[in-house]
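After this come two complexes, each holding chain A, first together with chain B and then together with chain C.
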Partner chain A sequence: MPNYKEIFVKTDKCTGCLTCKIACAVEHSETKSLFSAIRESPGPVSRVYVEWLPGNVKVPVLCRHCEDAPCLNACISGAISRSDTNAVITDASKCIGCWTCVMVCPYGVIGRDQTFAKAFRCDRCPDREIPACVGACPTQALVYETVDGFSKTKRKTVSRELLTREGA
Partner chain B sequence: METRYLIVGGSAAGMAAAHTIRKKDKTGIITVLSNEETLPYFRPMIPYILTGKKQVSDISLSGTGIFVQPRIDVRTGTIVTSVDPVAKILTTTSGKTWSYDKVLFATGSRPYLPETVKGLDSPGVFSLKTVADAAAMAQRSRNTDHVVLLGGGILNLKAAFALLEKKIKVTLVVYSPEVLSQLMDPEDAFLIRKALDKAGLKIMTGCSADHVVTDADGVCAVALDNGTQIPCRMVCVGKGVIPNTECVRGSAITVDKGILADPFTACSVKDTFAAGDVAVTHDPATGEKTVTALWTNAVDMGICAGLNMAGIPTRYTGTLGIMNATQVAKEPFVAMGRVHTKGRDLETHIDKTDNTYRKIVFNKEGTRLVGALFIGDITHAGMYRYVIREKKPIDRIKSHLIRHTLHYGHFM
Partner chain C sequence: MTSENPFQNLTTDPAVQQMLAKAKENNISTVWDRYEQMLPQCGFGETGLCCRHCLQGPCRINPFDPDAETGICGANADVMVARGLDRAIAAGTAAHSGHAKHLAHTLLKMARGQAKDYKITDPVKLKKVAARLNIAVDGRPETDIALDVAKAALADFHEKDTPVLWASGVVTPGRVEVLSKLGLVPKGIDHEVAEIMHRTLYGVDADTVNLLLGGLRCSVADLAGCYMGTDLADILFGTPTPLASQANLGTLKKESVNIALHGHNPVLSEIIVKVAGEMTDEAVAAGADRINVVGICCTGNELMERHGIPSCTHSVSQEMALLTGAVDAMIVDYQCIMPSVASVAECMGTKVITTMDICKITGAEHIDVKEETAAENARQAILQAVAGFKKRKNRPTHIPALTNTVVAGFSTESIVAALSKLNAKDPLAPLADNIKSGNIKGVCLFAGCNNVKIPQDINYTKIAAKLLKENVLVVATGCGAGSLMRHDFMDPAKTRDLCGDGLFAVLNAIGEANGLGGPLPSVLHLGSCVDNSRAVEITVALANYLGVDINQMPVVASAPEPTSEKAVSIGTYAVAAGLPTHVGVMLPVMGSALVAKVLTQTVKDLTGGYFIVEPDPDKAADMLLQALNDRRKGLGLV
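Up next, the complex of A and B:
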């Protein structure tokens, strides 16, 4: 199976600035420009969520595009499919707003457009090389990488930290 | 030699199993026998066939979602009459026999028609269950200005809205004190009831049909048990469903209401499996045996059965007897697990505003989440389902569950 890129979250780097949310909302607006997007009706909505935990930990949450995706299995209208880049996507034209996907998503990352009764979620920005949230994140708390690439970088970082701590 | 997989039933469970088997077994022979004349389709979409907004080809399963695997031979219009699970042979109405190595019974369910109501076999009486039903209803509705729907469940509400969209007057006759009684207590339903009333649905609760009155053109009225008669040219019955177990009756396969399935979706005889509406499985919220009729559950169980049939032992996590999400009259709602709390010893938390209603249900010790009902705002409902179904420890998240401030970070 090809090695696809995913969006990884480094909670230790997130400052909770919400730049990702703005970038996401703008990318998914009609006009794709912040200045005109804020005047759109209905207003553009982010598909990234930033939650808070005690200890001032910020947790960006977005669709994990699960390997065994409950939403994909559950959809009753055939609107959810796996794209050729391995993303789980909702086809708004087929979505009937029954919210079964919302009921089965354990991450709580499927939003509801209540004006048009359509479900929406992270689509990894198919028109961009790097998803908008990742591109906008000023602290690199969001990373667009393959699983292999990400764990390699992580291993390097951890060993470097260990070495530093041991005074090497 | 290639394994011969035979699947009886071409809807959610059967097709999910077929595609799952194909994913794991590239060479096996997969044959699906469907009693319907239509190729497999998304059954929950049939109200759109009734309104005419979609054609049968628009709701076809093939090529969408998980139904993208090749080489699945679907035989429509094929009705299985009996099985010999020892000789591994199925017989159909045409007398043709089918040999198999492994068989899945995903025969689904059919509408329950109460025997106490006379005349339900008259022309003009329907249940919205198949594409053929939807098409027949659409046909009859052309000469109908008033439809009486018996039963206040989701299926009938969907049918009601489809008919309202066609500018046909609709009266819902509900025996229970309130609509959706299977999914919530009467007190919980007030927001939905308000929305239904506003949408123009006429609802009569606490009464039921006694018999259907007919003339030369079929149905002409419904006589209620309270002595009144409602003139109408069409009736739609939505009083629940019963599992289609006929084809295994008389065989060694154990049937108790539905076909009994073990935790690995297997029936009582080797190499036979059951999934979907016809299967009796367990409810993780109550621990009791359950039969459900929900697309999503059927797909889940079908996938699990497919894995087991392909030789990958997979435990089925069970189905919440109550689990439903939908939107009626612009009012979204989700009901999961134990939501009927009236007169029961359960720890219940209710929170209501002018346009939202939330009921969170714990066991009586307050140590486990067993049910949740959301109306108006269903945000994060999936996390509640996860906690119920996986029996997650709740000591650290209980206040978040109650105040609806739960988010994924709490599981980290």
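Up next, the complex of A and C:
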């Protein structure tokens, strides 16, 4: 299986600016430009969420595209499938709006489209090399990387920290 | 330009392209690098949907979230956007009128004998301005008149029994009526700025249209500040008359002590030019051939229009002057001075000298310049430049061998004088007749800045080229003038190629009648950004001559590459004056459909002016032409 990239979140870097939400909505608009997307009707919607927690912590949350996806297993209409880039995607034309996917999603990142009453979620921007939210994040709180690559970077960081603590 | 040039997407000025290559080679960060690093920019800021006006915030309204309708206080997107726009207008107004106030204080001190380095250079203009203000002139000493003019100027900043005289006295009678009816006549320039700060405070004005009307009134105060700035500068330093000069980085000279004067106000730069002329000996003693003063931004325009001092570069490329390694001191006053000049100067071993107590830059040297001791302060600053030359004279320089011929110095007075050579009795007749006949389709004023988001100068040159071919008379101020001069639009040798036949015939006839042996330049340089007042003055004179109001005139304005909040306030007063006004960069108002509609449509029913927001230069040119044609049709002209 190819080594697909995932969108990882670095919670310590998020400033809560919501730039990711705007970029996501623009990418999922008809015109793909902020100044025209803002006038579209129905307006495009963002698929990334930023939650706020006491202590002024901001946490971007978005579809993890789980390898063993509860939503995909639970969908009764066959609307949810895995794309050729390993993303879990919802086919709106098949969605019946039963919200079973919403019930089983461990992350709460499946939304209800207010215009069409269909489920929608992150599709990892199939037309882009880097998902719009990742490209837009000014602090690199969102990272597009393979699991191996992300872990490797993390190991490097922790190694440096370890050495620093040992006084190296 | 070849497609291999890696910098052509940043600037269309070949001299700047050369310097960008050098910056890259030497790993020196420029405005273009910092812009790249800033991307992506915040969508809330871009659309005007963020507010930091209180401590409960910051608030931002997500335009794509139907549930996010208001900020914490309840202000909706329309109110948030209108408040933000108002504050930009107030900032622009504060800057232009601050410039004018500085001149008013200088005039006052001069008249009281407290500023010996200044004098009345143009008594005719003094009397013209005094007469407009109903100040007695006959039989009075000039300094007495000047004292009264200075006092009247300073009085225009606060609320008093009369409205702002530099607004109500400078437009058409019809315009005074329109503005009065709408409640848009400013009561005091500072008063309007302060009132914007008040009404945009937490929990004050939350009516979008009322907020926008407040912004419009403040912009009329900005017109007053600009007009006053021009008037007082002309009185103190002379009203421009046509003269030849040069532009671009090639105006720096390896063998000379190069002083780049950057900023806006002639109060400082005029004295530097004068004192520098007396300090050739010091330059020669240091091994230089002379002192070479060049301008950057509007200081450059002020000095070019009055003395033919060359303009080195403008706006977004200001750092490039330093990258030549040939500038021995950059002396600045205020406005549009990127703080980055101090770090680029450090890399190049150049000095940046700040001179105003409201504009100091960490890393720059400060010499406090006062009107009372101006020449002495100027001498001190010039000696720093001479010392700088001694240090750099054996170092290599990289001066692009590129200069452009410029004919500048077009004031209302000098234009009328030139026209009077065609018709001494009725000087405006030739201009009015050619507009009526269609030889001149209309007039377009280019104003504003460069903006790092747009390949430098491309919007100016594309739109101007198209309009000139369509026989539109083009005038320019500020860094718009700077842009067009660096692309040969002010070189009379290029007039034939650039202009349509009708316009060329007119420019040629004026040039020939004035003994120039050829045409005027295709674009008339009206001066600095405060000198947009000259465009207003000419438009008002023509409107009065034709017996119409400004909102009927085939006159349009364009700020195709704006950056500063000053461009926002200028654009707004052009709309208040009744002009279709193009802006080539998205204003941060798109977050409110209502505000966008008011600015581009509704306001037309109020003042006759309106904004045209169009980033594409070809489309913008067509829209400006359409607006001119509509106006012509309105006047019954074909």
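Just a few scattered comments:
In the analysis below, the second predicted complex is superposed on the first by the 164 of 168 C-alpha atoms of A that agree within 3 Å, B and C clash if a C-alpha of one lies under 4 Å from a C-alpha of the other, contacts with A are read in each partner's own complex, and residues count from 1 in each chain.
As a convention for this text, contacts are C-beta pairs under 8 Å (C-beta built on N, C-alpha and C of every residue); 3 or more make two chains touch, one makes a residue touch a chain.
Remember, predicted model here, so these are calculated numbers, not experimental data.
In the superposed model, A:V45 lies in contact with chain C only, and not with chain B. By the document's definition of touching, of the two partners only chain C reaches A:I22; chain B does not. Looking at the superposed arrangement, the partner reaching more residues of chain A, out of chain B and chain C, is B.
Judged by the touch definition given at the top, the superposed model places A:I89 against neither chain B nor chain C.
When the two structures are aligned on the shared chain, A:C14 is found in touch with neither chain B nor chain C. Once the two complexes are laid over each other on the shared chain, residue contacts for A:G135 go to chain C alone; chain B is not touched. By the touch criterion defined above, A:A117 lies against chain B but remains apart from chain C after alignment on the C-alpha atoms of chain A.
With both structures placed on the common chain, the touch criterion links A:F35 to chain C but leaves chain B unconnected. Residue ranges on chain C touching chain A, taken from their complex, read 40, 42-44, 46-47, 60, 62-66, 586, 590-591, 593. Interface of chain B with chain A (complex): residues 16, 42, 44-45, 48, 59-61, 64-68, 295-296, 299-300, 303, 323-327, 330, 332, 334, 336, 378-383, 385-386, 406-410, 412.
For chain A in complex with chain B, the touching residues are 11, 49, 51-53, 57, 59, 61, 70, 72-78, 80-81, 94, 96-100, 102-110, 112, 117. Here chain A touches chain C in the complex through residues 17-19, 21-23, 25-26, 34-35, 37-39, 43-46, 114, 135-136, 138, going by the rule given at the top.
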